[in-house]
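Below: a set of structures, written as structure tokens.
In what comes next, chain A is part of two complexes: it sits with chain B in the first one and with chain C in the second one.
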Partner chain A sequence: MSKDTVFSGRVWVLAEGGHLIEDIDTDQIYHNAHLHITDIGEMGQYALGNLKGWEDFFSMAEPGDILAAGRNFGAGSSRQQAVDCFRALGVAAILAPSFGAIYFRNAVNSGFPLLRCLELSDWIQDGTLENGDRIEIDLRTGKGKNITKGSVFETEGMSRVQVAVYETGGLFAYGKAIESDGVK
Partner chain B sequence: MGLTFSEKILGGKAGKTVRAGDVVTVSPDYLLSHDNSAAIIKEFNKLGLEKVQNPEKIVIILDHIVPAAAEKYAQNHKEIREFVAAQGIRHFFDIHHGICHQVFSENGFARPGRLILGADSHTTSYGALGAFAAGIGRSELASIWATDEIWLRVPETLRIVMTGRFQTGVSAKDVILKIIGDNGADRANYMAVEFSGEAAPSFSISSRLVLANMAAEMGAKNGYFPADAVTLDWLRTRSNEVSEPVLSDEDAVFETELEYDLKSIEPQVACPHTVDNVRPVRELEGMPFHQALIGTCTNGRLEDLEAAAAIMKGKTVPSHVRVLIIPASASVYREALRRGLLEIFSEAGCVILNPGCGPCLGAHQGIMAPEETTLSTANRNFRGRMGSRDSQIYLASPETVAASAVRGALTDPRGIQ
Partner chain C sequence: MGLTVIEKILSRRSRDDVRAGEVIWLDLDVRSARDFGGPNVVRHFDREYGEAPVADPKKTFFTFDLCVPACSIRYADNQQFCREFARKKGFRVFDVDAGIGSHVLIEEGLAASGGTVVGTDSHLNILGATGCFGQGMGDVDIAFAFKSGRTWFEVPESIRVNLTGIPSPETDAKDLTLAVIRALGTTGGALRSIEFFGDPVKRLGLAGRITLCSMVTEMAGIIGFIPEMGQAFAADYRALTGKDFSNLAPDPAASYADEITVDVDGLTPLAAAPFLPTNVKTVEELQGTPIHSGFIGSCTNGRAEDFAAAARILDGRKVKAGVMLKMVPATRRVYDDILRNGVLASLFRSGAVISNPGCGGCAEGHIGLTGKGEVQVSTGNRNFAGKQGKGEIYLTGPAVVAASCLAGEITGPEDVR
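And now, the complex of A and B:
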């Protein structure tokens, strides 16, 4: 059962003073005090719990929301809770100019869309994209629409592996799908 | 066109010629996990499989919160021990052995040419011994337990060419902090970092581990030193197995080469709250702090403790500072004991903790209150990592931390030695 690769949602812009916050590390996304938690259902309440000004994110987030962050989002630890806490809240995707390497892998393998867009900082500064805007994104092509503003934009889109893992719903499901196709 | 170290190792595993940017499916040699094995076990159990593919490849080392500081940690440890017994995992190291990266290396699992993946971001450390070693997530690790396979993207390579010799009082930590400060915490995202040049062979394995460990703080997938006689000598004392070094070809293609002259490097400190916020120690000379930490997977080895003890010998820590010493492994602990280093630390007024991660990840053994500052030899100074989000962490070499600890304020160690 494939998931839809085009979706729309409300954007949360993680910015301070009109600029995207850079280097939001895994300790700010999901603090190490909660690392003993292994049940994904309990992780949502700690999402961004250690990022100044965003401690209450979990209570404001709604399923389908999209995050926009500064470069090197998810730098640091390999903790997968930093991806899973957003999945727990039903966050649909995260946009940033770049992501921490392991964070990126964790997201790909969880079937959680991360989209790189180098111009994101410019869009925030020139008002192309604002907090609360509703946007639509096609994960395959990377093309986006700002429904609120009536403008269009482009992200890098997802690689083939990323889309395939996303559509099957995660690494395990993907592995099973490959095996049953006999392509292994 | 020649091949890089990473292209050779991943190509060898994939059974074909590969280039940077290719995605390969490979079977790793060893898989590391620590206290987070509890979460990995949960993922593995979801697959409905009875047995892991190959228990001989699995290495589990408890180090993050040892001994268990609360019931929730004790429960995780218990589940791990039960899984290890049920699966027949022989390479299990319970709470008394030390930090996973040190214990893994000491036991000879890391060798030239090996492919090692670990559910810890500082798995990059094993590049110090010429292995391709990268951190991955826990679902991925569970998936490899089940299938013995994983996809990896072959990384481009950033080469750091080092020349010259360190000044007295300056060491491996200072050069890696300088490199990260100059280039940024995401400069090597998804890339391999090769530490080479005519100065590379002069680095001890202990010092190589510092650089490879902190390659993770540049965003690197893996960081490594070309294996040489120093590597092979070090390994010879640990196992009879023979390894062939894997080296980048002369005409391999590197994304960038950066040059560093070690004699121009001065003591460095990474200021809150990012590892690339680096300044020379002399610019902050005299800065006060509350706690000092000498240890962790970055700088808790014998070489580090010896450097610190040489500075602290016969001195006393002032009453407004508390100093924590954490040998990286039981083997380091015993050798430090034999050589009288622990006595020097104890007489100076330090707290000597058991081998493990200690307070580095903010769970126990030295957590900070708001407005407190720790000067640490660790690798991360993220906001709130060691306790309150209103506390601060500065990162420096063992020499700088030791000199600062006995003075009670940030100190350039070059004047002390």
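And now, the complex of A and C:
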């Protein structure tokens, strides 16, 4: 229970023409041309490198930033690099209405918070959440505050497994913890 | 309470209460990694577990299929790094000569009905074609599975998809698959296990079942199963593995989150236009679109039947001058089959470029990528922008690819007879 579950940051809204971009796949997030890289320190420069209009994301991102994306974010391949490239940049969390299944568990295993948020598309369209807003989120409850706009919102929050793995720092640490507890 | 197919499989390999929505610990029959992802698995393993053994070397594999044989020093280094780890830990490598890992696992009988398999391949759910739970995972998951022999998994809800009607004789399993993806998009089956029913799928042989189940990934689904088995599949499975297939059906009282009917009566050939697999059109609508190249292969359409279908359309004729027809058989066994039955020679004489087995066409590092402005008809499963190079990819079946390469433009098989 050591890790802080409340944090705040600036939001990058991955939208085009006022709508969240849907079905952003792992080749747009982290292209297969860079899969030979195994050192996380080298991955940040390729984050969103194949997503039209966001090729320079790595140079604009700052630690603590939060991404907001459309439905089925992280569709496609199983590459862990598509999660790790954001961790390398210090991105704090990603919000989307839904995530690709493998992408979601890769993030859980890395202790990287992904938050499902069904109404996100509406908030972008009606201006409740805009690019550059500062927001605060409690990962455990899913409750959020838009500091810039002075409003509140709710996400689904993290599942039991997500919280447990997040708090121990990742799947490896979690695995060792449950082994030493004699659980299962 | 009745169980769905996925609940049945997971129940046999878990001590937890297997119900949709629950997170369970699952014992794994096979844990594998490829040459992409594999080196990261090794690095995680070395860092976290050091000299500790893998949980069971007989259930642990590398399957090299992406950059085979390595075309650059960095990939060659990565593969050698993995080989040395496998040698040290005492487990088997299906090396750069073997072909697509998921297909090799099926051929080797390692993806048996009711089994549980994980690996660093997002199309590993293809194993649903042989009633096996297969799941692609990232390198952290797989390193954990190498060490512990198990993984956590959230039991998905299941849906039934019923295919009805009689498709036109010009269609194949890819057209059925594209018809389903047209109906479901990336929402209908998202994060669910799909059970396909109906005569059009019951009739499919192994190759056709593989085609359908492979693209559940593009439907954003977890896995697809075909619980009814016809004669064609039973015969294929016996011929391939020497064993009878042990069919796995859901209980009559199994509970489904949704039931969808897809009518394929009179279906004509389909293709998914750039840049989404869900952007499905009839070949008739796309008729006349000029193409520069064709690709036949991938885990979706890389079986001997797929190459035979192309050879029947080409029928010894040469592809249109200037059109490049690239082919990559799924496995060494497929290569051997088409070598012996004359299909390979026939395709070669029609002008096809035929590579050694592997994942070519779908990932940088192997053959088959497209350049800017290049329009390609492909039997692959993804046409996302930038995925297979900078070109525009139309996803379709092997017969349409062959016909289009003869004509130099998108066209159906009936127009080149």
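What we mean here is this: the second predicted complex is superposed on the first by the 182 of 184 C-alpha atoms of A that agree within 3 Å, B and C clash if a C-alpha of one lies under 4 Å from a C-alpha of the other, contacts with A are read in each partner's own complex, and residues count from 1 in each chain.
The working rule: a residue touches a chain if its C-beta (ideal position, glycine included) is under 8 Å from a C-beta of that chain, and two chains touch if they have at least 3 such contacts.
Small disclaimer: the values here were computed from a predicted structure and weren't measured.
After superposition on chain A, the partners chain B and chain C are seen to clash.
In the superposed pair of complexes, A:Asn50 makes contact with chain B and with chain C alike.
In the superposition on chain A, A:Asp25 contacts both chain B and chain C. Once the two complexes are overlaid on the shared chain, A:Thr5 sits clear of chain B and of chain C alike.
Shared-chain residue A:Ala33: touches chain B and chain C both. By the touch criterion defined above, A:Thr128 reaches neither chain B nor chain C. By the touch criterion stated above, A:Ala75 is placed in contact with chain B and with chain C alike. In the superposition on chain A, A:Ser151 contacts neither chain B nor chain C. Touch criterion met: A:Asn109 reaches chain B and chain C at once. Touching of chain A by both chain B and chain C, each in its own complex, is seen for residues 23, 25, 27-28, 31-33, 35-36, 38, 50, 52, 71-72, 75-80, 83, 98, 100-102, 105-106, 109-110, 161, 170-172, 175. Residues of chain B touching chain A in their complex: 23, 36, 38-39, 42, 46-47, 64, 72-73, 76, 118-121, 123, 135-140, 143, 146-147, 151, 185-186, 189-190, 219-221, 274, 361-363, 380, 382-385, 389. Here chain A touches chain B in the complex through residues 23, 25-28, 31-33, 35-36, 38-39, 50, 52, 71-72, 75-80, 83, 98-102, 104-106, 109-110, 161, 170-172, 175, going by the rule given at the top. Residue ranges on chain C touching chain A, taken from their complex, read 15, 23, 25, 36-37, 39-40, 43-44, 48, 72, 74-75, 78, 120-122, 135-141, 143-144, 147-148, 152, 154, 186-187, 190-191, 217, 220, 222, 276, 363-365, 382, 384-387. Chain A makes touch with chain C in their complex at residues 22-23, 25, 27-28, 31-33, 35-36, 38, 50, 52, 71-72, 75-81, 83, 98, 100-102, 105-106, 109-110, 159-161, 170-172, 175, 184.
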